[in-house]
Amino acid sequence: MKDRIINWRRELHQIPEPSGKEFRTKEYIMGQLKNMGLSPVEVGETGVYADTGKNPKVALRADMDALPIDEENDIPYRSTHPGMMHACGHDAHMAMVLGAGYMLAEEKIPARLIFQPSEETIPGGAKKLIELGVLDGIERIFGLHVDPTLERGKIASRKGVMMACSDEFEVEIKGKGGHGAYPHKTRDPIFISSLIITSLQGIVSRNVSPFSPVVISIGKIEGGNAFNIIPERVKFYGTVRTLKPDVKEFVKERIFGVINGIAGTHGAEARIEYRDGYPALVNHPDEVRTIEEESRGLFEYVEMEHPSMGGEDFSYYLEHVKGAFAFLGIRNEEKGIVYPLHSPRFEVDEEVLLPGAVLLTRLVRRYEDKKD
Amino acid sequence: MKDRIINWRRELHQIPEPSGKEFRTKEYIMGQLKNMGLSPVEVGETGVYADTGKNPKVALRADMDALPIDEENDIPYRSTHPGMMHACGHDAHMAMVLGAGYMLAEEKIPARLIFQPSEETIPGGAKKLIELGVLDGIERIFGLHVDPTLERGKIASRKGVMMACSDEFEVEIKGKGGHGAYPHKTRDPIFISSLIITSLQGIVSRNVSPFSPVVISIGKIEGGNAFNIIPERVKFYGTVRTLKPDVKEFVKERIFGVINGIAGTHGAEARIEYRDGYPALVNHPDEVRTIEEESRGLFEYVEMEHPSMGGEDFSYYLEHVKGAFAFLGIRNEEKGIVYPLHSPRFEVDEEVLLPGAVLLTRLVRRYEDKKD
Amino acid sequence: MKDRIINWRRELHQIPEPSGKEFRTKEYIMGQLKNMGLSPVEVGETGVYADTGKNPKVALRADMDALPIDEENDIPYRSTHPGMMHACGHDAHMAMVLGAGYMLAEEKIPARLIFQPSEETIPGGAKKLIELGVLDGIERIFGLHVDPTLERGKIASRKGVMMACSDEFEVEIKGKGGHGAYPHKTRDPIFISSLIITSLQGIVSRNVSPFSPVVISIGKIEGGNAFNIIPERVKFYGTVRTLKPDVKEFVKERIFGVINGIAGTHGAEARIEYRDGYPALVNHPDEVRTIEEESRGLFEYVEMEHPSMGGEDFSYYLEHVKGAFAFLGIRNEEKGIVYPLHSPRFEVDEEVLLPGAVLLTRLVRRYEDKKD
Amino acid sequence: MKDRIINWRRELHQIPEPSGKEFRTKEYIMGQLKNMGLSPVEVGETGVYADTGKNPKVALRADMDALPIDEENDIPYRSTHPGMMHACGHDAHMAMVLGAGYMLAEEKIPARLIFQPSEETIPGGAKKLIELGVLDGIERIFGLHVDPTLERGKIASRKGVMMACSDEFEVEIKGKGGHGAYPHKTRDPIFISSLIITSLQGIVSRNVSPFSPVVISIGKIEGGNAFNIIPERVKFYGTVRTLKPDVKEFVKERIFGVINGIAGTHGAEARIEYRDGYPALVNHPDEVRTIEEESRGLFEYVEMEHPSMGGEDFSYYLEHVKGAFAFLGIRNEEKGIVYPLHSPRFEVDEEVLLPGAVLLTRLVRRYEDKKD
């Protein structure tokens, strides 16, 4: 079983595909599911699900997409798609769900295996799959995400908020360009953008409660082509992390207020494109306790002190059915597995794949056994 | 004579070359000078000068280089060098000096015709030509620059400072990159750059006399690749305009102080590359009066209310010999000649070329006649 | 008993005294303790303690000082000290500890009653009393603080951090004064202070984890005497709230770094007087559970969602012995008891005083009974 | 004559009075004018004028008010009005005009002697006196102002703009106060004021031409009473200096725009009280030349390189009739006369008073002689 799961992961690792374009991945998954004797169902363009028995109540979810990164690992199963890489471990997620499905199918325990596209790109694939009915009849859902900051052998989760709401925004400040020697004939968007970015700090430092974790970061700025010409426009791009819907709405409103207010004050126009991200991922407490309990003998459970500021569209499922998400440790310094998610040198300690799959089967059994 | 000058200008217009690479231009100029029976001398790689008589005391200077701009004018004598264009009128400057040289040679009045490379790019060609001796024996020098903001028929200059000292700088702020969700693990160079650009405003508003015109403009900023990753570095590029050497040194020192101080305060490093530009162009008062007097009948003379904030390496010549520089109006709305210098649609009203050349001959005659 | 406690509170309410000057209060407390047959011991200039039996293991603490506020309540027991008022409820705290002492003495249950001066003013009285031995032989300590934001009938506390570390700072920016028409001859401390206050926001927004609650607020700024004269100096005053010692040290260091860095960048000097406040108040979990359990029948216990950002020198006791602190609800809209702590209209719903005293006796009994 | 003028100055020095309250000064002046046989006319409450002959065409103006400063000079003729001092030299101005009047009256040369109240306080006395007719029949006006930065023996003026337009403003930022530990419940006016003052720098650095001298300085800021309470309001006070009416209007508009814009962006209200000051003082070129010519033998004339950024309501007279203003050097390091205007140790080298008065008589004679 262990080799089979590792083999799945490696074959998937070689065919990474971008969000929404997981065509080969879907074909591969469907082939493997059919080999197990299951009847995979396509959902949307690239999603798949399959039931290991009749009327399953528990779903296991894996995400399918990869990232536009050039793999730098020198391994036999290196990505064969130039410029694309499974640098977020979705190959491992799929392999574990395939493994769990295989074992559950053998034991004739019903579960729904959900292979979801497009986790990496807003608006995410989860919402659409739910609309297309993948949760019909389902009462509980679980998901795992590999975590290179956590030692192999550990599993981490937390009751309540576990991951943040992660929004994106894109701002264009349109001033008036002109020669750098005559700034008074321009409306200098570089100066104005500097004032805006400086003023945005006040949202976190002055406008939100110290007990409401909020992050507003600008990741990219660009404007102008020449040292002596004041450009017409500057663009900058940022991310917003919050843990609660009302805080998120307040922060979003303040971001619009500050950007429009400062730009207007200095005679510029702001165009803001704000992309609402996934809602915060809120675990159901009982299901977190289930993960803790079922991990015994497989992993050491760690309660996270505070949420991760990352985002996950698994959060949508938890708005509909009970369930929980967990981070599975894959760090292994001896093997050199220390690179973060989204690194071109990201790797997975494959020793976790089998126990990970076993954990997933236990989670299913827990609720099917109880016949609740 | 008028057609000859216009023809020169048009032929030069078709072969624009970048600063320091004016090889075809040099060949063309030397050929024309030889046609007049003169003996052009090469100076440096692409400079040329020629005397119209023995022991000239007066020099006329034209600059030779063009700009990396794609010409958008639809004219028969359009640039034949893709991506290069005489968008700063140096073709007209050369044609007028050739024309003046032709007339002076015929009249056997001695003058030195200087064709100088690389006016557009710091450190400029003037300094080198002076080191190579083009001012040996010279007592006065004059130059004209076409000006599309001034109506055809007018000529403008001013006693004392006429053009600014124009420096450039390039700044790299090296903070510490990281994920946008965890700003406390980074030293955010976009935030730090915003504080720096905001603080730089204080130099002009608080540190220099209101009677010392100073401009500090940032023309370009760039940093980061993703909305959610705080980058390691931000770069920005600026220009500094001043009119006096001591003010320039003070402002330069403050720019270093503010950038290094703010970066250091926030744990970042600043790498500053500051390129000292041409000194301010300071006309000699008597020679300005000469231009005013000799323009009668040719152009309406206008005393500039204040200096231009542009820069010119003609300033170096005026540090060695007496002389003056003037702006020659070429604007003509009827003909659609309204585009600014460095525009891909810049044009010259060629009607000014002959009177411009005549003015240059008068300036020479004034000082040769006087035998001062 | 109820009337007795209310009477104590009202008599104390009439003689509010400033931090460190609680002389009449001490005399009053000692008199009452003697009336109960106890032998009060003076500690320091104005502190008192008394044991209700031999070798007590549990201490109950009340704070004694009042605030420089003019009482605006129209009540028979109004403050008789003009400009001073028990606007923080310390009168109620003392009355409840007196009441508990009375009952414990009658029942011959040993407890130490600690009356501590100077809670309102850094460095606080707790530290000194501990040095003078008030905790000798003590194993557990409890304290209550009335809370006008909490309904009467409720009691609130939380495991771990319950109140913040609260530091103060005072900054003088010394620039160079001069006439407002000639800013270049000055080093404008108002402009420099504005840059500093703007930059300080970055500590919270960029330098600390979103999961480390931190507040930096400037409460007062002053500088200059005339609209047209740039002053020599500006002073501003602020407060810093943190929950963990390492975060506090980091934030303190950054405050010094930002202030000195920005001032130095602009040629000014900064003088910073930073007063370390009380450490964060960290409750011991078991003793919080004890409060929760012993409150049954008296109050509805509420677990606080997050710490208060206020400070308390009760924190020092908890660094030496186990124990817990709690907020006692006194809000009563019907009676108009809605004004916040430190308001000139602050009042206490006296109905809570007897059950509060009873709770204190229960807490003592819990540990004396157990003979742990 | 010299003693008489010095005596006038010293007697006036002893009775300094605030703007608009120059009652004793008026009485004194009227008495002296009557002693000369003239018929002084009261204008407004404290103004005076007198003609030295019939139908004068030339006016000489002296200002009358003193400053709320405690004189620190130890001199026999020290101010007898505690807290008031002639620290701006208006005593000297009056003495010189009295002296000139005396000499002109003796020679029967007609001139109008204008003694104007309230030069130090906006809106100034000049405007009102003009409305009341002091310029009726007048064609030229002159005034002198003593200058402790200029050596005794020199006189300075310049054609065109000689002194600035000097406006004042007062700003109240009304946010929302609250406890410093809970900034998210406030709208912090100290933070908002810092952003405003920082942003105001952009007006000078980005919005006005480098050739338009403009100063915006904040001289005073105040807000808050406690280090830990965010106040409701902050007030700050500033001055604006410009040289041209259109620039002044533009800058004023931008100041309103920036303050209202930034305050509004952050949820605060701004109340701005803007007091328009005297217009820029613009000398008539021919009359400046007259001062230069008539100074020969009395003073060394110096052409000012650029205007003073100070203000003067003499500017109003020059909007109605031709004339000029000049600075009279009174600095004398040997005598220790080095303190600036408005200093409590300001003094005047009285040796300049007689030649100053003589110059005034020459200026009158020039135009009366010409009978233009």
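Order as written gives the chain letters A, B, C and D; numbering starts at 1 within each chain.
By definition in this document, contacts are C-beta pairs under 8 Å (C-beta built on N, C-alpha and C of every residue); 3 or more make two chains touch, one makes a residue touch a chain.
Because the structure is predicted, anything quoted here is derived from the model rather than measured.
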Far-end chain from chain A, centres as C-alpha averages: D
Numbering shared by both copies at the chain D-chain B contact, with half separating same from different: same
Chain centre separation (chain B, chain D; CA means) in Å: 44
Between chain A and chain D, centroid-to-centroid distance (C-alpha), Å: 69
Residues within chain A bordering two or more other chains: 182-183, 188, 191, 195, 198, 201-202, 205-206, 210, 215, 241, 309
Chain B-touching residues of chain D, taken from the complex the two chains share: 198, 200-206, 210-211, 213-216, 241, 305-307, 309
Interfacial residue positions of chain D with respect to chain C in the complex: 164, 166, 168-170, 180-183, 188, 190-191, 193-198, 201, 215, 217-231, 234, 236-239, 241, 309-310
Interface residues, chain C side, partner chain B - complex: 182-184, 186, 188, 191, 195, 198-199, 202, 205-210, 212, 257-258, 261-262, 264-266
